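Note that the chains take the letters A, B, C, D, E, F, G, H, I and J in the order they are written out, and that residue 1 is the start of every chain.
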């Protein structure tokens, strides 16, 4: 099943560039793994914000939770999840 | 998977008692079928309102959608759904 | 550019089945045309509601507006649009 | 009577792993006691968040308050409580 | 247990004076019965609005629900209920 | 005149137990004085939260303000006040 | 004591000009009486809306309620009231 | 001074095409007059909605109110106005 | 033109009494100057809060902004401004 | 395409004057570059707040995002963006 996931990244402004870069690289790497696993399907930026909207696929909300909390930035993120129902136009 | 479902019943106040009773009886009957099918697991009233909170189980959001829209009162209901993730304390 | 579009369908409950079916068929037909034109890319239902979340692509907000208002149900729909920025992970 | 209880855990991100684990273990232990006492009946995670939704039973709101404040994480939690009314379908 | 109950009276503006007066008299009579039964303890008006704030006592939310829905104006009222916990300063 | 007063206590979580207890004792003492003066008439806890709902009586909003700000915890409290109008049912 | 009072006038759009004018004239007349009685002290329009913000003075919320409900337009108005406390800078 | 003005057009869906077109033409004509008078400076559509965002200039809020209420669609519009302060970067 | 101005004072709770008193005295002095200049016309307290509602007059929003930012407490204040339109009843 | 952009500047109150001035100068310089590039078209202050409303033009939301994040103050700003659709009155 698919989920719409919003994240706001609340990493403190005074985080050192070094830590920030390390986190970003690790985040990107983990995101790529989630893409390869077919869990992260699309990702957009909310323009002007350190925030994203993503389309995820997981067997159930618990599996999605595990995927999201595996992101290195997760503990600084405010996340909200919306379960999506397949639309009859796309239920082939 | 489990869902928390809130409903507000917006049936117009001036609906005749006859129609209202017919709808209520049909609603109750369909709800009982959903219970027997293991889809509707618990149901509460929001005190003071013509509103309910329910615990549902369905294979995915589309199946839940089909169950909810099968309720005779559905077209007068404002419904909101929240997907629940199993908690590790209960994932035995 | 891509947009996230939410719709709530507020067609009055007492609309006759005939009109409702006619509108639904016309809506589906127009949606299919928008798919073929590459404007409507994905569509989901908000579980429990007569509402959708869609992923659209259009050259600009005015073009998106024209696409949305071309839907036969549009005048009964409450629509909200969110412009999405491509994420660096996907800007290859 | 039953209550729906939402919690958001606001434990600071920079809490040491040691303290965090100690608190989690203590929290789990206390939660298990509340389960055995029939106070905590069900617990879910809000997917993507350090947050829960729980179904509790207590003789009155003051007893529920005492149960919730007995949780070791309570002082970092933002809690909201909703009293549930038994639904006629379930009042046997 | 005690509850704080807010009501907004949404009786249509164009209701005839005759019906309105009949409803008001019946409402007042039923409210007086609830006072005598110890269920309605205090009642205030929200200044400027056709709205009230009341302090109720009932054995549980279902009993409160039954009391509120016994009011002749109930079906035109938007009601919200908040369960109150006894404060230690008053639990003597 | 009567007022409904909500308070959320935002005393930092890391306040030492000693200071916390001193403040609680002083708070309780001042609350008792306000009760004796007929200003604080009822007090409830919002279940699950470090928050209260109180029924106050004061000659005017400025007198209420002075009473509330005399509470030792006041500077950590988020307070909201609602003026109540006597209801005709109780205006004897 | 003084109150800040907001009103939104929800008179239906299709009200005939004749009734609308009669109501407006009656409203203005009653407002003038409230000014002369020292109850209505200032009145502004919310620009762009059929809405006002007013500064009222009354002995208590019940007296304010009586003044507001004496306005001929009251039953079509959505009103919200905020009790104001005299500021020490102005308590001479 | 400049104002940001949002409008939502709530003209009933079942308004006849004839009336709708007459209103639209009149609206457009009046808008053009406001442009020529230097009152309406820019106008955008909120994509997907029958709504606009406009940049207006008027000597004061009362003059803006008079301009907005001169629009033939005004009585069906929900309008909100925000006063803008010149920014030092543009105060030459 | 007149403005309704709300302020919430967010000065940290742990500010020393000395600094707090210095700021308060300076604030009061500047407020008095704004009164004498005819800019600050009325000031109220929001009962129970470290917050005010004020009636200001200034030639335009930029002049109001300059007046508000001249207050020594301004940088700790959360301020919201509402432009008021003269009401025909008071446009003599 | 054009965007309406709101910013709230959350730079901590205790930032030194030196850093603050350096940031402001750099912000102004970068803003001027964005004006010259035709990206920042208008800028207003929200009266009473350290906040702005701006009218921007960019080829798409990603380009707008890049422009906004190039502002030296960006990491302290809470930004929200609204995509604007050209209005037929201005599509010449």
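Convention: contacts are C-beta pairs under 8 Å (C-beta built on N, C-alpha and C of every residue); 3 or more make two chains touch, one makes a residue touch a chain.
Worth saying up front: this structure is predicted, and the values here are computed from it rather than measured.
In terms of the stated touch criterion, the partners common to subunit F and subunit H are G, I, listed by label. Same-residue interface: subunit H and subunit J share over half of the residue numbers found at their contact.
Separating the centre of subunit C from that of subunit D, both taken as means of CA atoms, is a distance of 40 Å. Here the CA centre of subunit D is 30 Å from the CA centre of subunit E. Put simply, the C-alpha centre of subunit B and that of subunit G have 43 angstrom between them. Separation between the centroids of subunit G and subunit H, computed from CA atoms only, is 26 Å.
The residues of subunit H that reach two or more other chains are 3, 45-47, 61-62, 64-65, 81, 83-86, listed in rising order. The touch graph of these protein chains has some other shape, matching none of line, ring, star or complete. Remark: the chains found to touch one another pair up as A-B, A-C, A-D, A-J, B-C, B-D, B-E, C-H, C-J, D-E, D-F, E-F, E-G, F-G, F-I, G-H, G-I, H-I, H-J, I-J. Chain contact summary for the complex, subunit E toward subunit D: residues 1, 3, 60-62, 64-65, 81, 83-86, 91. Taken together, the subunit I residues at the contact with subunit F in this complex read 13, 45-49.
Against subunit A, in their complex, subunit J makes its touches with residues 3, 5, 61-62, 64-65, 68-69, 75-76, 78-81.
Those residues of subunit G that touch subunit I in the complex are listed here as 2, 4, 28, 31-32, 35, 42-47, 52-53, 55, 82-90.
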